[in-house]
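Once you scroll down, you'll see the structures, which are given as structure tokens.
The same chain A turns up in both complexes below, where it pairs with chain B and then with chain C.
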Partner chain A sequence: MEVQALRLHFSQLIKAWEKSKHNTYFDKGKDHYQETLKYLIKAISDENFTLFNSAQIEERRRIINFIFKSLGILDSSTTNQFPFEIIHCLQHALDEWVDPSNEKFVIVTSLINSYDDFYSFDGNLALDDVAYNIIQKVYNLTFEYRLIQINLPKFLARDYFSNIVLYHELGHFIDFKYQITAPFAIEIQDKYNNKKYNASDLVEFQKFFPYEFWKREYLDVLTSHLREYFSDLFAAQYIGKYSENLLNYVSGGPLAAHAISGTHPSTKNRGDLVKDFLKNNSSTFINDLKVAINLTSGKELKVRYSSEIKNSNLIKLLPIEIKTGDELSSVFVAAWELYDTYTNQIEKQNNFKYPLISSKVYEIINNLVEKSIGNYIVTSNWEKSKNVLS
Partner chain B sequence: MFLAKNQLEKLIKQEKLIISPLLDNSQINEMTIDFRLGYDFLVSIQGRHPYLNSASHIPTDGAFYHFFQETRRNFGDTFLFHPGQTVLGATLEYVKLPENVSAILSPRSSYNRLGINLSTVIQPGYCGCFSLEITNTSHNPIKVRVGATMFQARFVKTKKTNYFSKERKYICSVKPEISGANKDQDLKLLELINKPIS
Partner chain C sequence: MLHSATSSKPTFSTFQLFVYQILNGNNVYKNSVDNIISEAYSLSKGDKNMYTVNRSYFALIYHLSTRFTEFLNTIDIQNIKNEEYQYLYDKMQNESELIMH
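Let's look at the complex of A and B:
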């Protein structure tokens, strides 16, 4: 019976694979991953299932589930639907935090048919070693690339205002990868319990963690809240205050600003922390977090967007000229600055004889952001290929 | 009078004519500029609706987008034009025309000879990627390279106009957009003439 169930499971996989194996992708990492899946599926199909004991069947079940999960996200990361502009920006940020010559991660999008779930991160295919270890042990196959799965609503795949939240989701990956916040939570409790904080520190910690955060029974809550705070600051490095603005709205606006849950701090506190970081206000919490980040990842938490990138081109109805990858996320900041304070600048500059409706203003800015990033990608690929030929 | 190479170069230098990105200056010819095929497409498909109804301002037989499928390609990838199929695309280049220059877009002769057809006139002051309404009029599928210089535009000096003096359907388009034929205001009037209110 067990063997027959495994046969059924594998048959279902083969049916899914028949379609997915023809997928084409925007980048070599996914092609490489799919090629490894091909060898893996072939290796399983060559096996005689009737010879397996229960432990071996369980290993195959896990591997097949792993392949199903991989196919599920690869299917919505094909060139046909892939929002490569935003992913290119995220990949650039990722490469700043994880050296691509040491570890190869590819960001993949899972387009979901829901607006309510908004954006989320799934680190299983990137960080969960169990399946990769079984595959290595049983089939001697290594995945050179691992997939970072970011879920986004299908309706917003090419929306650059909401997509900035993806920087926050990438922050969760960085946190899990380097194990930044979990030990930091213990450090905070230890420091409190060993009376290492001064009076003003305590006021600050009590503001951002308004419960008995020093008690062991609150460790999980403290860790969850730190995860959100870290990801907020991670995003703020690239897009300033704008992901917080959006999160505030999505989570219920001013009426819900002080609400706190076991997993999320209040949006008011999250916004305040981002402000402190961007304004470089004195903060023991941020300073200690910076130290924890540096100790675990060797990286620096700092503002990374460029204030040199202005929105004047957008007002003139032109794409922004991006010269280096470091300027990519600055385009989002420039676009949000214009949208957030919009007072008919486009109509005035371009001698419009009629007012633009707000949906048109959104469409214009969104299109220009897409084209700014697209032009950067095309131009840099062009130059690279030219250098190869010459 | 069509603008000559030196006039086009001058307009570009003065930032009156914006072409972004202009990957290679050799795209500027004696009296035309070559444009590249962009990477976004809307491909006509046969759906469940019987026909494209451009005769009504409220189409009840299915909106135009039901007849087109969105697809993307990598820059440098290939794309296949099937015989008789309408494909909407956009130039790779984002263009802002001076207020006194219009453009006439056509396939380059090399692609015309294969069966690629399109004809587009662009108003002075337009900004956005040029819209490509392409049909393969040959009997064979044609494979092309995304980013290839398939098109050329001639530029004509006109009287100075204001592009935004009236409401525009397409502003700053960077990818192909479904036809807005149903939004033409004349349609309501024509429908009324056909079925007058008694």
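Let's look at the complex of A and C:
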């Protein structure tokens, strides 16, 4: 029966693969990944399932699930569906945190039909070392690239106002990869219980963790809240306060600002922490977190967007000129600054006789952001190819 | 997720699968298992700390170092015996049953 169930599972995979194997992508990472899947599927198909014991069947079950999951997200990352401008920006941020010459990760998106599900990160494919371990040991196959799955609503695939929260989702990946907040939560409990915090530290920690955070039974809650705080700060490095502005709205506005759940801190506290970080306010919590980040990843938590990038071009209906990859996320900040405080600057600058309707303002700025990033991608690819040719 | 849950797959059950394979005479995962036990040993002894142990298996290593301290103190980390893998497997099996129920 077990063997027959495995045969059924593999037959289902073959059916899915028949469709997915023709996928085309615009980057070599995904092509390479798909090619490795092809070898893996071939290796499984060459095996005699009747010879397997229970443990070997379990290995194959996990590998087939891994392939199914890979296909599921590769299918929605094909050339014609992929929001490559925003992913290019995220990939640049990722490369700042994970050296691509050591480890190769490719960001893939899964487009979700629902609006309510909003954005999420799924690290199973990128960080599930055991799956890669099994594949390597059993089939001697190594995936040169790993996929980072980020889920976003299909309706917002090309929306550059909402998509800035993908920096928050990337933060979750960085946290899970380096295991930053899990040990930090334990450290906070240890420090509290060993009376290492002074009176003002205690006030600060009690504000951000308004429960008995020092007790073992609250470790999971504390860790979950730290994950969100870390990802908020990670995003703030690139997009300033704007992720938190959006969060305030989607989580229910001022009426829900103090609501806290087992997984998420209150939006009020999240916003306050981001403000403290951006204003460089004195904070033992942020300073200790910075140390934990540095110890685990060797990287520095710091403001990474440039205030030199202004929105004057957008007002003139021109794309922003981006000179380096480090300036990419600054375009989102500039666009949000304009939109957030919009007082008909575009109409005034361009001598329009009538005010633009709100949806038109959104469309114009959103398109200009896409164009700004698109221009940078074309220019930088041209520069790279020139270097190769010369 | 910005305002909902985020997923991260636990590695505990796979670790058990690896130990199970060793007990069945298949040593293909022995190095991986021994490395994880060795990291847990280093953490429990204080030779490494929470920020310096292997990041990929942090949760598992921390769990072993805190829940299996006595076991780690009794084994020879360079030469783990079959009955010790069996002990570890049984204890983890009991723990996962407790979690399931």
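We take it that the second predicted complex is superposed on the first by the 390 of 390 C-alpha atoms of A that agree within 3 Å, B and C clash if a C-alpha of one lies under 4 Å from a C-alpha of the other, contacts with A are read in each partner's own complex, and residues count from 1 in each chain.
As a working rule, a residue touches a chain if its C-beta (ideal position, glycine included) is under 8 Å from a C-beta of that chain, and two chains touch if they have at least 3 such contacts.
Because the structure is a prediction, the values reported are computed rather than measured.
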Touched partner set for A:Tyr354, first chain B, second chain C, both or neither: first
Residue contacts on chain A - larger count, chain B or chain C: C
Touched partner set for A:Tyr119, first chain B, second chain C, both or neither: second
Partner chain in contact with A:Glu59 - chain B first, chain C second, else both or neither: second
Contacts of A:Leu317 with chain B and chain C, given as first, second, both or neither: first
Chain B versus chain C as contact partner of A:Thr379, first or second or both or neither: first
Which of chain B and chain C A:Asp159 touches, first, second, both or neither: neither
Complex contacts: residues of chain C adjacent to chain A: 1-9, 11, 14-15, 17-18, 20-21, 24, 26, 28-29, 32, 50-52, 55-59, 62
Chain B contact footprint on chain A (complex, rising order): 26, 79-82, 84, 316-319, 321, 347, 350-354, 360, 363-364, 367-368, 370-371, 374-375, 377-379, 381-382, 385
Residues on chain A engaged by chain C in the complex (per definition of touch): 53, 55, 58-59, 62, 117-124, 127-131, 133-134, 137-138, 165, 168-169, 172, 176-179, 182-183, 186-187, 227, 243, 246-247, 250-251, 263-264, 267, 292, 295-296
Chain B residues within the chain A interface of the complex: 18, 20-21, 23, 39, 71-77, 92, 94, 96, 127-129, 147, 162, 164-167, 171-175
